[in-house]
Amino acid sequence: MQTTRLALASAAAVGLLLAVGCTTDEIPEAETTEEATASTEEEWFVQADYEEQLAQRDIEPEGDPTTPWLQAIEPEWVDTSEYAVDGGDHTVCFSNASVSNPWRVTGWITMQQQVEVLQEAGEIGEFLHSDAADDDEKQISDIQAFIDSGECDALLISPSTTATLTPAVEAACESGIPVVVFDRGVNTDCAVTFIHPIGGYAFGADAAEFLVDNLEPGSTVLALRILPGVDVLEHRWAAAQEIFADSELEILGNEFTGGDAAEIKNIVTQYLQRGEVDGIWMDAGDGAVAAIEAFEDAGQPYPVMTGEDELSFMRKWKETGMTALAPVYSNFQWRTPVLAATMILNGEQVPKEWVLPQEPITEAELDDYLERNEDMPSLHYAKFGGEDLPGFPDAWRDR
Amino acid sequence: MSQAPVLAMRGIDKSFLGVPVLRSVDLVIEPGEVHAVVGENGAGKSTLMKILAGVHTADAGTIELGGRAVSFTHPLQAQHAGVATVFQEFNLLPELSVAENIHLGREPRRRGLIDRRAMAERTAALLSDLGVDDLAPAAKAKTLSVPRQQIVEIAKAMSQGADLICMDEPTAALADAEVELLYRLVERLRDKGVSVLYVSHRLREIFDLCDRITVLKDGERVTTVDTADITPDELVTAMVGRRIEAVFPEPLPGTETGEVRLAVTGGGNAQIDGIDLEVRAGEIVGLAGLQGSGRTEIAEAVFGIEPFTRGTVAVDGETRRITGPRKAIAAGIALVTEDRKAQGLALNQSVGANARMVLDANARVHSRARLARISGILSSLDLVSRGEDQEVQYLSGGNQQKVVVAKWLAAEPGVIVLDEPTRGIDVGAKHKLYAVIRSLAAEGLAVLLITSELIEVIGLADRIVVLHDGRIAGELPGGATEQQVMAYATGRSPA
Amino acid sequence: MGRIRTAAAALAGGGTGTVFALLAAIFIAVAFTNPGFFEGPSLMAFLKQAAPLVILAAGQYFVIVSGNFDLSVGALVGAQVVIAARLIDGEESRTLPVMGVMLLFGLAVGLVNGLVTTALKVQSFITTLGMMLVLTGAIRLWTGGAPTGSLSEAFRGPGRRGIDDVPLIGQIPWAVLIMIGVGAAAIWLMRTRFGRVLVASGDNELAAELSGGRVDTVRTVAFVLSGLSATVAGVLIGGYAGVSAQVGQGMEFTVITAVVLGGVVLGGGRGAVVAAMAGALTIEALFALFNQMALPSTIRPAAQGLIIIAAVAYAAKRRTRRPVAATATTNANPS
Amino acid sequence: MSLRRLDTTALIYLALAGVVAIGGIAVAIDGGNLFSTANLVDMFTRTSLTGFLALGMTLVILCRSLDLSVGYTAALASMVAATTMDGDPNRIVLGALAALLVAGLVGAANGAIVSFLGVNPFIATLGVGLIIKGYLDTEYKGPAGLVPTAFQQFGYSRIAFVPVSTLVMLALAAAGIWFLRSTRTGHHMYAVGGNIDVARMSGVRTKSTLMTAHILCGMFAGVAGLLLAARFGTGSATEAYSNLYELDAIAAVVLGGTLLLGGRGGIAGTVAGVLILAVLDTVFNVMQINPFAKDVLRGAIIITAVAIYARRQLSRTARRPRFAAAGTAADTGRP
């Protein structure tokens, strides 16, 4: 019968393969263990990192302020000559966690534009990418596939989850090709460079401090969060809690919205039914407008609010003239990895940990940024940093 | 016979929804005996057997097996107690093989695992023991013809090593050749000392096969006799009790046969062939013949379910291409199907919803006037229900059937085909239906009556068309004798 | 009068009774946690939120009662909002034409679902699962991943605005009126010949067919109606909250749960459309209650799961335990 | 057409061959080589996770049930495993067993709710999934636990170009095939799915069979969880269930020719289904196909496949003609 035949076949196959011999993608021990244990703590707040990030906000980054994506805060330059490859037209591979939200979509476009420039310049030849659609397991396969294919001169990774991607990234490092990690990190420093803005604590703190400064003591604040368990987001909330803790503000609650505008509006509306809400703290800008509309529809005064540099929010902010702040998780960081890769392949020095500046957009800068992004779609991010790329503005406007 | 009887049922009572189906029935079966239980449909045969099989539990009375008192609440208990049953509706799994079906739930095992070889061997042995050599144990049930599926059923029952095997209308679906085979099966069982409870209304089989006969009528046991001591005619009278005229209402005054309303000429398809049939207004034409002879197939062809692929159909003189139920209904044809639960009713819906289903489904026949008449139709049928909002699943079989009839009458058809209208319904409802059929004729409808109850055909039909093997074997006037009908039905011509 | 009795009995029996009981219970609980809830404005706000799900439930009911599933509604709602945003792109004048396009699109999707299921005999679960994948993919493909463009004020109207300055109620949202309209339409539709044939098809396909019912046609129409309801829901949600990448995600499961909670049996032939919509209202009320109890949002799914299983299990028991003998009869038919 | 003659499983492997061939050609035209070691490795790697889930899913679907909670169960299992092991190589076995136990219990819960409370499996397992989600999100605020390197081998080491995890999957598949063929319980699953009444009448212990199917399905999900833990090096909650793994699994099962209504199909087919999906994934990756286009293609392919199976079923149901002359009528099919 069909079935039995298959059973036999598979059994035979196993035997055969055993004969062929066994290989393993090495999984280095040393640095994983204690680092990873750090991640196994269920509390997201790490005092040291928190303080470091808050400090970093006030440090003048090295490099030309007109190209923030090349700036670095307190860089510790490392030599990359070992990775230097003669000639240009390097094949650069990119394992992307997903493009499942506007922030990532914007960044991904920026990165592609940057790649084109470098391809023009003959720095990059082929640019291969794979998208894991937020599936860690799939991204691990994607990374393995890149390693095994042996085509990549450099590998860029934007991990979908810090802890879970660590082994895969280590495997990548082991393969000897230079690895560049950006956005969310991993629990290993095996990558040649890890590129990221200051971080979640800073983002959360910027927002929280703004509320503390702009609200009367005793005012009420509602915290809107996207989803639990994602470190970059959890850090934002952890920092906010820190700051709210020694303030006079009353935190009404923190709700998970999945970034769904309708959900956000429901929740805010329900809170407004039960009493005043003076401030809104968000861990990301998605759906911020819906939150504001909830106030409008309920006929309530606008809250003091922190969103993100997503244009829909900033335009609403401008239009309503409310007191608000747009904390930034620098979207321009999507340019840096490709540039870093070429630097590495040319044997130039790069920062071991490449900390990019991360400054919130204040009322003062609002008009400027709105003007610069005038004809950009509403789900575009103000600090995408691609204005000087040839594709601007069409590439971002007509997606 | 000195030893304790294999089966002794005493004083069995059973009623459904207050309608008594069995009244203190006794049944005693000796070892190695082939015992027939006969009676009209609705006489209680099947119910009695379902009680024995543990499908129903009796309201009163005792059951003894080999002298031990038993009471079954689940079919398995009956099986384990050594009573195996072959029901009319098939219990095979189409996707499983013959061997797997026969041994389902009792697979032979070696070291805890299914021993497929043993299973195949046993099956082969069993089948050849039954004299069936050309049935592959590995064949999937769905690939078998209906009669062969039934043989598998019987084999399954036998394989349970029962001392008593009950067969409910086992030959219902069998062609003559297979009937012969069945005879051999039963003989072998008897030789093995297995008793057989043989439920049937086919006199010939009963006299060929059975040692003793128990006659049921209207849920009561009339008599139990040795086959040797009774003639077929006596038996029929015992079954029917009253003389036929007494059972069936006379044609209503003013009933006269008029124009031809349904005319089939040279009709045929994959199942039937050379069908020439005329039904006139006010006429009741009976279609007789053994199961599988093509009775139902004609009904389905006329109604467009399995349309005629040859010949012509004319309704009220107008030739129609009836390719589906909608066309049939538009042409004024109604079909009261054989299986009311599967084909006739939406059981979760209310009486009202079912009664208006035909009107709702067909713009051509839908009208407020007709909707308004439905309540009248229902009460004219003496429907017993809690009102039109009651779900039909809670009605008795008879009342369910009345709803089915009502939904068709609502459409005011010119031709009505009734396929086994009285199957499995209580006597009261039965007689009501007879009356209804007569009145339909009186109203000038053309009635095509299909039934396995020879007595019904003989008692109701003005003309009897007898089918054999998908063709018309002969035609008889109303009131012909069973023997004549059976002669045609079994492919002979009456002496 | 008999009608009333039996109607009441019908409500009490099966899941239908359960859902109204549950709804009442939840409302009482809500009233306790927040007495202000039933004051005009906040009640209206609640209904406004609930409207899209209720409308989806009506659409899903048609499909389920005829013996099928529609898993594609969530994706369709999302698609509709994104389409609207991209095509309107802030131009007031385009509002109506685009709504027309959405309408056509919704109907088309429903039609495809229906035809693939009835004509190609693909189980609706698979058909609509596939449709869900196709829609999400196609829409993102079209917009490059994130919604672009923006909605016009006119488009926002139905979902967001309403009749203002109504005494003691404050605002009667258009959404609520639309919900009531759709509900009424659905109830009326189930009383038409179409509705009756639809239920019959779900209950006993063969019987319906043999009675001359166009089973495949009504089933296809059911899918089209579901697509239609998803379109209306899309307009309302888009209007209510604007565009966001996540609109509609997972809604298919919520709505099917809601319908089943309403005592409509998966597999068809049982249940009332009113109850289905009540089911949707119940779910929304449940969410509102969780929110008012300030139940940590992480626990909410668990509570939701428990309550649903409990309710459906209870209804199932009720159905199976309906005593047949009790309905046995003596009186000849009244009415 | 001769395909009619072909037994379904064979047909599916034919389809698999076709997909591989077409994929291979497409990639070749694209200037790549689908059969390079790298791509083979990739292909097989992608089979293991869906594979584990689909194997279990096959069992429940054969019983005419469904399990929408497998994604959540896998997540839970990965958590239990990782936290129990907590980096200590000596606790590997303990952790693995704990995970399987918990997953089995979840399966048991599903089975009990379906077979004893009579809740429709769609709702039952959806609810259980929500409950697990609630528990995980409340209990763990993110990835937790640590998987010792030794156990991570399960996720990373391979023999030649076949990952160990894939071999384990194939081994389990073989075991599953054996289970369905050679054990009573396994064999009875076909009966339960085919016609539960007949099964009961024949003395099959239907409820316990259904329970077993669900428990095994849970445990397979548990194995999937172990794989996740091994590959992640930690337990991850949000990940596993945010990706609708259950729908992937169902798709693979149906693609493998198992009837969603139960009673027909088998694990051999499911393996082919899983392989087809994996091959597609790899091809898409190698050809750099836009992630959103993937969804569209997947959806279309699944529907088409099932439509083809359905077609074959239809042609089977024709009645055997008595009068060959009218053979034409044989294909009209019955209402």
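Think of it as A, B, C and D in the order they're written, each chain with its own count starting at 1.
Following the convention adopted for this analysis, contacts are C-beta pairs under 8 Å (C-beta built on N, C-alpha and C of every residue); 3 or more make two chains touch, one makes a residue touch a chain.
Fair warning: this is a prediction, and the values are worked out from it, not measured in the lab.
Trainee: So which chains count as neighbours of both chain A and chain C?
Mentor: Output, common partners of chain A and chain C: D.
Trainee: Quick one: name the chains whose C-beta contact count is the highest of any pair.
Mentor: Top-ranked chain pair by contact count is A-D.
Trainee: Among all chains, whose Cα centre is located farthest from the one for chain C?
Mentor: Of all the other chains, the one whose centre lies farthest from chain C is B.
Trainee: Please tell me the distance, in whole Å, between the geometric centres of chain A and chain D computed from their C-alpha atoms.
Mentor: Chain centroid spacing, chain A to chain D, equals 33 Å.
Trainee: I'd like the Å distance between the centres of chain A and chain B, where a centre is the mean of that chain's Cα atoms.
Mentor: Comparing mean C-alpha positions, chain B is 73 Å from chain A.
Trainee: Taking the mean of the C-alpha atoms as each chain's centre, how many Å separate chain B from chain D?
Mentor: Centres of chain B and chain D (C-alpha means) sit 44 Å apart.
Trainee: At which residue positions does chain A touch at least two other chains?
Mentor: Within chain A, residues 99, 228 contact more than one other chain.
Trainee: Of all the residues in chain D, which ones touch at least 2 other chains?
Mentor: In chain D, the residues touching two or more other chains are 137, 181, 335.
Trainee: Which residues belonging to chain C are in contact with no fewer than two other chains?
Mentor: Only 145, 206, 209-210, 298 qualify.
Trainee: Run through the chains and report each pair that touches.
Mentor: Result for touching pairs of chains: A-C, A-D, B-C, B-D, C-D.
Trainee: In their shared complex, at which residues does chain C touch chain A?
Mentor: My answer: residues 34, 36-37, 41-42, 45, 49, 52, 143-150, 160, 237, 240-247, 249, 287-288, 291-292, 294, 297-298.
Trainee: Along chain C, where are the residues that touch chain D in the complex?
Mentor: Per the stated touch rule, the residues are 116, 120-123, 125-127, 129-134, 136-138, 140-141, 145, 205-206, 209-210, 215, 253, 256-257, 260, 265-267, 296, 298-306, 308-309, 312-313, 316-317, 320.
Trainee: For the complex, which residues does chain D have touching chain C?
Mentor: It is residues 113, 117-120, 122-124, 126-135, 137-138, 247, 250-251, 254, 260-261, 290, 292-300, 302-303, 306-307, 310-311, 313-314, 335 of chain D that touch chain C.
Trainee: Which of the residues in chain C come into contact with chain B in the complex?
Mentor: Contact set of chain C toward chain B: 2-3, 6-7, 10, 193, 196-197, 199-200, 203-204, 206-214, 269-270, 324-325, 327-335.
Trainee: For the complex, give me every residue of chain A touching chain D.
Mentor: Residues 2-4, 6-7, 10-11, 13-14, 17-18, 20-25, 27, 29, 32-33, 36-37, 39-40, 42-44, 98-99, 128-131, 133-138, 140-142, 144-145, 148-150, 160-168, 171, 227-231, 234 of chain A touch chain D in their complex.
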